[in-house]
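The first chain written gets the first letter, and so on, giving A, B, C and D; residue counts start at 1 in each chain.
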């Protein structure tokens, strides 16, 4: 028996509904239908009046969640795709994110964003928005890469008093399997060394962790031992773990699937440079998607995002200094 | 509404004297509607999300004067502690959320507060209310919020104060239906229309809407016709309001109308009203004086964190 | 509409055979409405922003079959060149904008196209039309777009295909007015309601709305009642649609109804219809075959730039 | 006679309306009222049927502009405050920004964003969103810091075929004056050395350019010569000029008024590190606003954003390596 990444998300929500009466789910097609990705399958039946189909009103969905959080609830909002959170943008970044600083009352809501590219999904069903939301004060941005993290980080995220942007990767939903969801549990805010090495560090998160590991595996035959750090959360960023790894390897590649301007990789590189410049033996590198919308055709899509090939290439370049 | 008028007159003078932190947006001409709503609500039970012209509603709902003067005068003891300003102030823990500037955004928030109470089994007998202007009805947030409240059949009262202008923009650049209350049918909710310069009528219609919501009749939309009797903010002279409009029916001062109504209906005597006026002026003066003596926020003692959660590893 | 049905049946089989790139969203059951709109519009003069279930409208408006098959089959020669997919395809230079996924967002875009024509002095005699579903009416973008078109008094026809579900979500979780055409009054525009399974009625009502808009009567909202006769997409069996709804009046197949109407009204004979069927099947087959032979996009020759402007200094 | 920064923006729009029949203006209160900041004063009278009051519908305002651009116009949309563009976010980043890549037809619209903090404006009338928009492929993001740039860059921006996010700083509106708007004209995409120096480079943009110059002036007394680069546009980024400056000074401080996570300063630092690592004699530093909403009270506000004092402090730290 194995569980998938999306199973873990479903399980986490089941656990939360069972154990915390403050939790409810609100999102399009999540009740009887169980959600576009089946992440809430069966939950409406198991928990009557706790799981609701939303109208196609992303702005109001988040507004409702903020109001409910003010009154003591812990709403989990499913966006059908991360890309549609652009409609709820104002309520997320201006209403939810500012509330604690302005009033002293935190807003414990969780927005689930099915994120990232899959073949044939195109410009509006593929976006990675973690680097957008992380720019706003007041939000916590989680990006689980493993089945166990998908489970535990959703549970732990909902327990936080602050608004959580939970970026779950659609490509991992069914592709990523594990024996159990109860793998290694780390607190939110701590990164994980997912693969040890000594010649270079790849800092990645979400689906790119797996591409990084693939690339690292390939480079073994050339004698390179690549360390892979899974950030797990992009806000907060666990610089201790990142800097410790760079201290060991002297070389940094920051890897992400989002658009190339700014974002997580820029934040990682510039913090490593500010805080650990002396640790670096080579110019730190970044690898992101290309600076166009995510293309629809699988052939274009595969060349738009980083792949094991392009990661190997970036690492070879990094190792050449 | 009288207290609010006196308070706002004071704020206006303080603004002109350069004593206010930030802008001043007044509710002059809208007190009858706003106070009617505040009065119909029960503090401690109901929710009230005021907008920028709801000083009268805030006071009627029970907000202490000092919350207002502290915010305007930059006291660190105010409800927003210098972090957010004046008309944005709120006390969400007391059923009065703190608005964000983005118009229309509070509708769904109040809906969510009511939704929570339903889930908690304590919705019965409770209503939530929010005010918006004519301009705010053009926002997508307003539409989504009202429609969601209708779907969830929540006891939400939406009061639209149609003061005929959104900043400088007249109604005909904001909507082209005859009366905004016609929108109610499209949401499957009840609509009400009222002359917002008439206190007794406003009080009657708004109370009726609040009680309908309270009794389970679902969302209610009340559209009040009136005119803003000052500029958009105190920095604006409102000279774009055409003279015929200013001199028209809605240009009459609802506070004066109300005073006359109170006397005519023998609800109060002229002497009583004058006594109130003195008493309120005194209260306002005290609240201003107190706020002015209090310390302003101190950036060195400010806790610069936007989240309650603190992470070990956090450097931002 | 017949051609579109045959095409979509083919797309469905190709999907099941794994030959399609991306998802397949069909207009089965909505052809009468969509084709009525496409037929009432004049390509080269009018604007048409189709939505996901408008294959029939596209074909009637004049979109060549090959544009469709190229996109679905991943040919690099398609209008979107592999960069965007299937139902998003458009030819903005020919008056047919390319939709984004975000529902409701095209309403204001078509309004803007018409607004441009007014500024250019060439609006007279022109209309713009867009389709949305029942679900899309809950979006803020829909509200803002319709209201803006009303304020600007633009010749915009908004066709709401109320197929009773948005993906799996039934009408009662989307709105609670009796009929969405009641929204029109709130925008100060004309509303029309029609049985969308009845081709002749749909054609009449939609043409009337289009001609009203063309003659300067401002925006028109047509709400058509019907039922989606397939799943939301071909990956979905639509089993959440209750049997009584499926077997109810709107569950009847508008293509069959239309065929009968054509014969009954002696607009066409059965033999003619059969001949059309053969001819369309042949055309579809040819368009599929051609697209299948064409090369797919080549990432090495792709111009990876999201702006027309190229800067010397640009490294992203 | 002197012209202010906001005068220059008004003048540019007047020039554009006069010279290009495709240009029209659409925004809240911009017609007879002349705009909340008077940036369109008198233009409605001078150009009948070219300047329109918009309803409070930011999403539809941008949708309208996209449609009009498709049909050959060059709309300029005034957001009343940058912060309200969060409502138009979807139309900007998903509709306008993706259109050229998707269809081959560019969308020449300009969104004017009155940006940045002023005392007493608070969390929702003070935001700097350039680092948000620059993350999206397809947008050009301009951040003029001088009166002359405000004029020329608006003219040149409207001439571009692509969607332009024009971030004009509200603090500069009336505070910044010049003898003429016809100062030094540089093409879009080129940064400007605004002050020469040899000990460190401050890369800044918009209002922070002036704060950087103030800080640099103060450090003269300590013998430090600080070079200040005004980026002028944050997308594209003129790395040639930045790298040439860092090559001269060996030290980099990236300075911005936006929130500290990600954004322009992270992009600048990480590109300098990737492309000019060997030029750096010290860890590159960043200075941004604090990670909270922009506070309302002027005393808090002044401590939230970088000031000449905090810039001097950051520079002293940088120079101490």
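Points worth noting:
Going forward, contacts are C-beta pairs under 8 Å (C-beta built on N, C-alpha and C of every residue); 3 or more make two chains touch, one makes a residue touch a chain.
In this text the structure is predicted, and so the values were computed from the model without any measurement.
Between the chain pairs A-C and A-B, more C-beta pairs are in contact across A-B. The chain with its Cα centroid farthest from the Cα centroid of chain C is B. Rounded to whole angstrom, the centroid-to-centroid distance between chain B and chain D, based on C-alpha atoms, equals 35 Å. In this assembly, the C-alpha centroid of chain A lies 40 Å from the C-alpha centroid of chain B. Taking each chain's centre as the average of its CA atoms, chain A and chain D sit 30 Å apart. Touching of two or more other chains is recorded for residues 54-55, 57, 59, 83, 86-87, 90, 94, 97-98, 101-102, 123-124, 137-138, 235, 261, 275, 290-293 of chain A. In chain B, the residues that reach two or more other chains under the touch definition are 80, 83-84, 88, 100-102, 138-141, 144, 147-148, 151, 173-175, 305-306, 316. Judged by the touch criterion defined above, the protein chains are all mutually in contact, each touching every other.
Partner chain A is touched in their complex by these residues of chain C: 21-23, 74, 80, 82-85, 88, 100-104, 135-136, 138-141, 166-169, 173-175, 240, 296-300, 302, 304-306, 316.
Partner chain C is touched in their complex by these residues of chain A: 28-29, 32-33, 36, 53-57, 59, 81, 83-84, 86-87, 120-125, 260-261, 290-293, 295-300, 302-304.
Chain D meets chain C in the complex at residues 24, 49-50, 54-55, 57-73, 75, 90-91, 94-95, 97-106, 137-138, 140, 160-162, 188-190, 235-241, 271, 275. Against chain A, in their complex, chain B makes its touches with residues 79-81, 83-84, 88, 90-93, 97-98, 100-102, 105-117, 119-120, 140-141, 144-145, 147-148, 151, 305-309, 311-316. For chain D in complex with chain A, the touching residues are 83, 86-87, 89-90, 93-94, 97-98, 101-102, 123-124, 131-132, 134-138, 235, 254, 258-259, 261-267, 269-270, 273-275, 277-278, 280, 282-286, 290-293.
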